[in-house]
Structures are given as C-alpha cells and as structure tokens.
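Below, chain A partners chain B and then partners chain C, in two separate complexes.
Moving on, here comes the complex of A and B:
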C-alpha cells in the first residue's frame, strides 16, 4: 500500500448542535467573528439564528454575505479586506459549499496574503490560516470536512482547485436540522454531489482502507434515503443524508476525486452552471469510462447501488450504472447536460480545462482531452 | 441519532514514513524534542534510528526511557520534570502503548500542572498540551490515534483512564515496518488488544455511523491476517494489522470501549499483568454477557468473525464467539485468566474497581459488581 495521509476537522454531529457554535468559536479563540453566509441562508432564517446565538453569548461579529454559487475570486478578496479592517479573529461559515468555500478563500488570503490565484493547485499555502468553524446547511458539498476550496476566476472563466491540509476547517458542526429548509431541488443536487464525491474518491488512485469503507457506506445511505428526503423531507432521511455527505467528505478530502469533478469544475467556470446540477449527467458516463481500469471497484459500487450483484463483475458494474441513471430520472435529476446548459459550444474548452484540473490526477484512468470531450458529448 | 463528536490526529500511514519524523516534529514547532521510548524499543534498534534522524536534521533532543508496561504515575511526573528542565518543546513518543501513554501523561502535566491523578476521568484537562507526535512500534494499542491515556497509580494499585480531546496526538506516523521487530507473542497480544478495541467500540452506546464501519473492517482484517503475521511475519500481513489497529483506534477513541477494557485496566492495576495478555480470556466472556442487550450488533460481529452467518442472529452471534475462542487457542493466546494470573484472590477487588472505570459507562449492558466478578470467574 502506498503512503497515505489522513486528516479531518473535529466533527460535532447531531440535531441541535447548531447551538454550540458560540462555544466552539470561543474554543478557537474568538472575540470578534467574521460570519460568512449568503442571501439564501438569510431567507431560511439561519443567519438571524446565528447572530442571536452570538449575541446571547456576548461575542462580537461582522457579517459578510457576498457569496454566490460558484464563489468568486473578487468576493474572496473583499472578504479578506473586511476580516482585516474589522479585526476579526475567527471565521464562521454558515451555508452550502459556496459560503464555506468563500470563507476558506478568505482564510487563505488572511493567512498568506497575495491573490487567491497564487495558491491554485496542491499544497501552495505555506503559512497558517485563521481558525475556521463551519456549519453546513446542505448535505452535499463536504467542504466543511475537506481540504478543498474551489474558487472561480471570473476573468479566466475557470474554477481553481486549491487543496491544502491547512484548508481543513478546525471544527465542523453538522446539524442535520439546518437542511430542513432546503427545497427538493437543492436537496437533490446536493446529495448527488455527495454521491459523486463518494464514487469518485472510492475509485481514486489515492483511496485507502481508511477512506474506502466510508465512501461505500455513503453511497449506500444516499441510495436508500434520498427518495424519502426529496419526496417527504422525512427528518430521519435528511439526517442520513447529512451522515452520508459527511462520510463522502471524509473520503474525498483524503483520497481526492476524479474526472467527473474536473469536468464539473470546468463547466461551472465556463457556463456558471450550478455545481450540483451537472453530476447526474456526468457521473454515469464517467463511471462507464473508468470501468476499464477499475472493474472490481466498479462492481463494488454496483453492489452498493443495487443492493445485490449480477452474474459477474462487469455485469454488476454496468447494472449499477444503469440503475443509477434510472434512479436519477425517477427523482427528476437531469441525466443530460443539454438540459442544464444553453449550448454545446463551450465543450471543447471544458475538456481542455478539465485536463488541467487537479482532480484529473487521481482519476483511475488517465484521459486525454479528446476523451474528455467525448465524455461531454456522451453526456449531452 | 444522538450527538456525536469525532476527532483524530493527522495520520501518516505507510512503510518508510518513519523517516518523516523530524520534518513532522518541525511542523509542530520543534527545536528541542523530548523523545520518549523504552528499553525494548532500544533493543530493537529504533531509538538509535530515531536519534540518527534527529541528528541528520539538526534537531536537538533529550531522551527519556523510564517507561514500563502499565506505565506509572511516578514515571509521568519525572518525565514532565525532564521536559521542563531541559526546555523541550515537542514530545515524540516511539513505542507501544506504554511509551505513548507515558508521553501523553507527561504532556498532560506539562500543560496543566499538578498530579496526573487530578485528571482521572473524562474532560478534566482544561489547558492546552505541548505538541505530541507518535510513532507506534506495535499494531494494537491505538494510543497514537486516541484521546485515551491509561496510567497506573502504584499506591492505589489501579489504572486511571484519562480521556480528553487534547490527548489526541497532533500527528501519528504509522510505519508498519516498525512492527517487524516485534516477536510473535507481542504481535499476538497487540492484535488481540486491537480486536477488543474494535469489538467493544462497535458495541459501545456511543458508537456512530462514523465509527462502526471502521470497527467492523478492523475485526475482519485482524481475523484474516493475524495468523500469517504471527506464524511467518509476512510483511503484507503485518501491514494489514497496522491498518486494523489504526482503524480500531479511530473507532474506540470516538465511541469509547466497554467492560472488557474496564476489567483489563483493573487487572493491570492490581496484578501488574500485561494489558494485551488478558483480552483473549476476557473478550469472549464479555461478548456473551453483552449479547442480551445488542443481539443484532453481536450478529454483525459474528458474521465478520466467521465470514458468513448461521440460521439466525443468536446463532450467528454465538457462533462468532465460539469461533473466536478456537481462533485464540489455535494461535496460542490464553483463553483462561488462570493461565496469566498467579491467583484469584484479587478478583473481588478487580470487579469493584472495574465498575468505577470510565469504560463501563459506554458498555451496552449496565453491570453491577457481582456480574463483573462472575465474568472474571467465568474467564478464570
């Protein structure tokens, strides 16, 4: 087995743990918090609850909400200015992947200076970051667990993957009650993002015995509980999705991802399409592409997806992919990129960009740009 | 699901990772290391290799080796004096559970002052500890991963369990090559300790979806690879035991243990018997005792142990226990306490002491002292 590194934030999981936020912030040394969130989370009422909690605890705060889907370099730079000007000491991120990634980008700049572009790639952040506490309001991004931070460079129309041990938050408070205000569309897109994290990290060349079990358990939980979560917002089902998303985060943060995420990142950069909306179209195609180089593992995923196996490894792997496509269709998730993108003119640029994405390095099959373009066309 | 907390050190796993020790110590701020080990590890040659690595890197060090099996309060107090007098800044623990627990006790006193007795129980350590880097030379104690520290109070003839998030080491470097110098007896006792960690934490009332999978995978790996590790010291088998021990550590540090460990701690305190030597006698008896209150989970362990299931949950659970007893017997591990203890006069005191042990709180079945004495007699 090759050398593997494994790191996680401290995780506090369970309904009602939101209320521990001020105490955890204080444990990280907080006197004046930079609270990072977005208008959607405000509308759901969680920002007000967060500031109520801070007030009741006597903690000062500054609020920053310039976070959009596919969070931007410019918002990160402004957030870092706010942190410095306001003399904040701890960053609290409350939201889905976008506010959390924005908060991570802010932390990177506060600790290391310069522009966020300076840190694209793996292990470029050399200096320590200010303490970061995350409270995810969706069950999917895993950014509250991971050492990944994905920021869009608007000028170059591309998403930068910034990966560093120091981007692992100090504490992640995963309160599944926070996902109760998500609508069905957001629940679905988030869970499919988590499913892609679990599958891609399980197939990754850097997967290890410490990540593989969590990845498969995550796949199993999402398959079993996503329908009830989307249809009836059953609290038990939503809780299981939060568990699954956390497990997928534990896996991909330490094992890396694959070309599905390379393509999703590049599609997000070029088309500014929501990250969660493209995985239902990409994941089955990417699984078919990878099968040649990791048949046994693909059969393992097939067993997990179908809850049983077919006569041989290849049939089980293919059966899992087919089952997944039907599952996505039944749930109303787009299985064609043409349903979420305005036109296909950007696809050649997407495939070239995805080849450079750091997630491509850990994909089990090494692609060339032509293959990535073929994947996009197949998913179109 | 109840609220759960999950914390781990940064883990660096793989053959040859020992050489990264100086770099990791520097990352923790080291200029002058307190290296904690013991005469057995010296004889195996690892202490010399460690000091060679430190010298080559230009790091200063002080060496402390007053560690014995069932590490003592007095050794912890002297080690803390050495740390302070020598102005060390990072503690590096190299060895099995005894040097690592000694190092943790030293760290506790350096950070919090007073006597180690002051911190018995859960969450008594309020102030931060100096950085701690662990390099386990056995595959079993899991102390390099866990927030547990077990220290013997010689006057009271009892082992104290000290449990605190801050006792989680900063970094654990798990190099399976370090276990190659263990003899068969030590490999066996260490692996059975890890097996007890996995089983007891899986059954614990604080187990969670984040710990249960790692626990079962650990059981599976130990059952499959322990024979080859003990008989031929096959490198692949030793590596799998290191993986299994790390997984069991990830599980029990966050889920806690049960009465098997309560009894083992108390037996160690009263008889000064090696911790690893008593689990092969205790574990099957404890599993039988717990079965009433966690039949489904016990069946899960039975399936894992036997690699298959019998006609119903109870048969599968009982089958697993029987299989385990035969497995221990075949490997030459004692399945009777009478084989490792000089006499049974201390057993009443053992059962009273075990009732107070913090591990009893997380056992799935709540015992009274009479039941614990009956367990000892049954294992006699």
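Moving on, here comes the complex of A and C:
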C-alpha cells in the first residue's frame, strides 16, 4: 500500500456552534479580525450576527465582501491589501465556497506575497499563512475542510487550483443552522457538489481507507436526506447534509478529485457558470467514463446510491448511475449542460483546459482532450 | 507550472500546516529593518575608524583594554589585547606608568595630553598621547579613549630642521666674525713683519740676547697670528665650503688611504689598547663623487673622535675585560653609499648629541679641540649632498654614519 497522508482542520460541529466563533478566533490569536463574506450571506443576516458576536467579545474587525461566485484573482489581491493596511490578524470566512476560497487566497498572499498566480499547483506556498477560521453557510463546498483553493484568473479566463497543506484552515465551525437560510436551489446545488466530491474522491487514485469510508458515508447521507432537506428544510435533514458535506471535504481534501471537477472548474472559468449547477449533468457521464478502470469501486458506489445491488458489479455500477440521473431529475437539478450553458462553442477550450487541471491527475482513468470533449458533448 | 505537479505533490508528505505568529512576524520584520540600518551605520563608523591612522584604545578604569583599532595591532604586533592592561603591553609594567594621561583623564574628567617614548619592536618610538574620558558610558564603569600618535618621524624631521636652521645662522655669524677678525689679524701679521724687518735693520745696535729675545717673541706673534688665520680660514670653509677637486671616490679605498696617514694617531700611547676593526665593502667599495681632501678630513675627524672616546681616562676607566674597539664600515644601500665609524667608548647623552654639530661645541677637555671638527664635517657632507647622523648612548658608545649619494650614470662627470 502506498504511503498516504491525512490532515484536517479542527472541526467543531453542531447546531449553535456559530456562537463559539469569537472564542475560536481568540484561540488563534485574534485582536483584529478580517471578516470575509458576501452580499448573499449579508442578506441572510449572518454577517450582522457575526459582527454582533465579535463586538460582544470585544474583538475588532475589518469587513471584506468583494466576493462573487467563481472568486477572482483581483478580489483576492484587493483583500490582501485590506488585510495589510488594516493590520488584521485572524481571517474569518463566513459563507459558501466563494468567500472561503477568497479568504484562503487572501491568506496565501498575506503570508507569501506576490500574485496568486505564482502559487498555482501543489504546495507552492512555502511561508506560513495567517490563521484561518471558516464558517460554511452551505452544505457542499467542503472548502472549510480542504487544502484546495480555486481562484479564477480573469485575464486567462480559467480557474487556477492552488493546493497546499498550509491552505488547510485552522478551524472549521460547521453549524448546520447556518444552512437554514439557503433556498432550495442553493441547497440542491451545494449538496450535488458535495456528492461529486464524495464520488470523485472515492474513485481517486489517491483514495485511502481513511477517505473511502468518509466518502461512502457521505454519498449515503446525501441520497437519504437531500430530498427532505430540499422539500421542507427539515432541520434534521439539513444537519445530515452538513455532516455529509464535511465528510466529503475530509475525503477529497486528502484524496483529491477527478475529471468531473476538472471540467466544472474550466466551465466556471470560461462560462462563469455556478460551480454547483454543472455537477448534476457532468457526474453521471464522468462515472460512466471511469467505470472501465474502477468497476469494483463503481459497484460500491452503486450499492450505496441504490441501497442494494444488482446481479453483477457492472450492472450495480450502471444501476447506480441511472438511479442518480433519475434522482437529480426528480429533484429538479439539470442533467443536461445545454440547460445551464448558453452555447457549446466553448466546449473544445473547456476540454483542453480541463486536461491541464490538477484534478485530472487523480482521476482513475487517464483521459485525453478528445475524450473530455466527448464527455461534454454527451452531457450536453 | 501545472504540468510539473505530481501525485506526490498533492499528497504533500513533506508539507504541513505552517504556524503563523503575527506579532512575531511583524517584529521580525521590524527587527530585520532595524538590523539592516544598524549594520549600515556600523559599517560607516567602522570605515571612519579604519581611516584613523593613530593607535586607538578604549580602556577601563583599571586601564584594561576593552577595544582597539587595527593600527594598534599593526603597531604593537599584539593580536588579542582585550583584557590586558595598557602598561603591560607598552611598558611591560605591572603598575600604571607615572604621569599616565589615561588615569589623569579618568580622575579629572578632562582631556589629557602627554608625550612619551615606547620601545616597540626594538625601536624607540615617540608618541603623542591624547586621553579623553568617555562620559557617555555608564558612570559606574568609567572608560577612557586613548589616541597614540607616532610622532617619531615628525620629531626627527623637526630636529633636523631646527639643526639645519641653527647651523645656517651660526654659519652666517661665523663667516661674519671670521671676516671681522681676519682684518685685524692681517694688520697684526703685517705690523709684526714690519717690526721684524725694523728689528733686522737694528740688529747691530742691539745686544745679541735682546735681539734674539725680541725676534723670538715676534716670531711667536707671527706664528700665533698664522694659527688664528688658519682657524679663521677653517671657519670660512665651514660657512662656504669650496670644492677644489671633484673626483670619483670609492669609499673602501678612501678608508685605507686615511688609515695610512693616521699612523701617528693610532699609535699614541692612550690608543695603544684600542682595536680597530674594518668591515669594508669588498674591493674599492661603493663610490661617490666628491672632494677627496675634504672627505678624508671628515673620516679623519670621526676616527680621531672615536679614538678619543675609547681612550682610557676620558671620563671613564676601562673595566676589566673591556676592549676598546673602533669599527669602520662602508656599504651601499638604495641610492646611497655609507661610511660609518662606531666605537664602544664613553658615548654621549641626548643633550650633547643635539649640540654635536654646532661650531665651537666640544666635550673634550680644554686644549684638545677647538670644536670646529664636527661642524666642518657637517658642512662638508652637506655640500656633497649627503647627511651625517649619530646614534649614541652614554656608556655604550657612539656611531657616526655618513650617507653620500651613490655614483650613478647621471651624476658621473
């Protein structure tokens, strides 16, 4: 068995743990916090609650909210400037994947200087980052757990994957109550992103017994609780989704992902489409493509999805994929890229870009650009 | 960049969450900045200090050396003087030197100056010392900054200059006096000759013994007059020596010629025990251009002085085992040729050495010299473009060295 490594932040989980944010920030040495969030989270009221908590604790803060979906290099650079000018210390990220990735990018620049482009790839960050405390408001991105940071290079119209052990946040406070303000569409997209994390990291060439268990449990929880969460936001179901999302993060942070995420990253860079929205169309196609090289594992996922197995491994694997398509359709998630993207003219560029993405490296089947383009067409 | 990424990079075994200490990071930055600034200042100050050409020391109140500059190492040859007492290094003493300016500066809080002679690397060097109390330091541990400037060369030059100036003045005076005396002497001599002629005409009219007595007296007057005129001529020679004949003079053969004509001198009873040693450059020796008679006179003079200095009864009795010795050397060095006469005789103290080349100065007993010998030597050597120097210690002996310009293509006639 090859040598593996498994690293995680401190994870504080439970309803109401949001209130521990100032205490945790203090534990990281906070006196003047850089609070990173976005207008959506502001509207949900969480930013105000966060500043109330900080004020009550006597902590100073600087607020930064120039975060958009598919966070940009310019926003990261500006945030680092604010951090330095305001002499902030601990960075607190509150929100979905975008504010958290923006906060990670800011931390990378504050600790290492230069441009975020300098650190594209794996473990290019050599100097320590300021302490990072994450509070996810969606159940999906897993960025609060992972060593990944995905930033869009506006000039090159592509997403850069910055992977570094030192990007792992110090503390992640997962309070399921924070997801209660998400609308059904956001809950669905986030959960499907988490599901894609779980499936792709399970199939990854770097998966290990430590990640595989988390991945399968995550798939199981999402399949069982997503419908209830989307339909009537049952707190119990939302809590399970938060657990599942965190587990998927634990898995993919250490095992890596696959071509599904390579394509999703590149689509996000070229079409500026929401990350969560493309996975329901891509994931089944990618699973079919990968089945040739990891049939047993695909059967394992099929069992997990269907809650049972068919006559043989291939049937079980195929059965799982079909079940998943129907599941997505039933929930109203798009299973065709044509429903999400304005046109298909960018797809050749997407396939070429995806081939270069770091996530392609851990995919169980090594693709070439033509295969990736065929995947896009199949999912169109 | 992405193409280089491998699975091992993603696993990142050798990478980990790095600790971040904000305050430490900021203070390290500030420290680094401050360090760079102070390093720059240190370099500037060090450049200035290295530019100082005097010996510099910082001493504690017990005169222990705390810090020195590079000139200290070069001057004393001591590589690690820190912690050692100043008086140990410069004087090899256990206690501070009397009149120590550093102690005075510490006690009075004022800048103190002193001139002192230290023996360093076998040479006596004269130093001007300035000691300044360092008040900026903690009052409970006072310190003093000491500068020692080597003024040996300066003093030597100053002495030479003063000597030359004095000699020029004295020479002018002597020429004037000689001239003034020459006229009455000529009159005396002339009238004496007149009297002598008158006396010869009266020879028959005078008793024989009276005639003989007066004639003898007149001869004595004439002879003494002649002696006075010789002395006056010597003085005039001193004030403006004239070359009668310039030729190539190899020093070693010059010495041998002089020895031939100084037989009578060497065989005087008081010089009988004196050993004469010759350390001559081989063959005829290095040559210079000059007046043979004048330079022989110089050597003869120096030799006579050396013999006098080693003669018994001249202020010192010969100790048992003592061999009076006179050494004559010739050699070439650089663009000069050298002739030295040294003895292990009575020597002279510094005060006498300073007056040595003045006319009419003599250490000899009355009747043994009129004191124009060395001053004449001085002006002869100067007229040849050379120098005459003397080293002498009372009881140890003296060494007179004459340096003359070497004969080269350029000055060959």
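Just so it is clear, the second predicted complex is superposed on the first by the 380 of 380 C-alpha atoms of A that agree within 3 Å, B and C clash if a C-alpha of one lies under 4 Å from a C-alpha of the other, contacts with A are read in each partner's own complex, and residues count from 1 in each chain.
As a working rule, a residue touches a chain if its C-beta (ideal position, glycine included) is under 8 Å from a C-beta of that chain, and two chains touch if they have at least 3 such contacts.
Small disclaimer: the values here were computed from a predicted structure and weren't measured.
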Partner chain(s) touched by A:165 [first = chain B, second = chain C, both, neither]: both
Chain B versus chain C as contact partner of A:45, first or second or both or neither: neither
Partner chain(s) touched by A:4 [first = chain B, second = chain C, both, neither]: both
Which of chain B and chain C A:217 touches, first, second, both or neither: first
Partner chain in contact with A:247 - chain B first, chain C second, else both or neither: first
Touching partner for A:239 - first (chain B), second (chain C), both, neither: first
First (chain B), second (chain C), both or neither touched by A:13: first
Contacts of A:370 with chain B and chain C, given as first, second, both or neither: neither
Common interface positions of chain A, toward chain B and toward chain C: 3-5, 7, 165
Of all residues in chain B, those that touch chain A in their complex: 1-8, 10-17, 165, 208-210, 213-214, 217, 221, 239, 243, 246-247, 250
Chain A - residues contacting chain C, complex: 3-5, 7, 29, 89, 111, 120-123, 127-131, 147, 161, 163-166, 168, 170, 205-206, 256, 356-358, 361-362
Complex contacts: residues of chain C adjacent to chain A: 1-7, 9-13, 15-23, 25
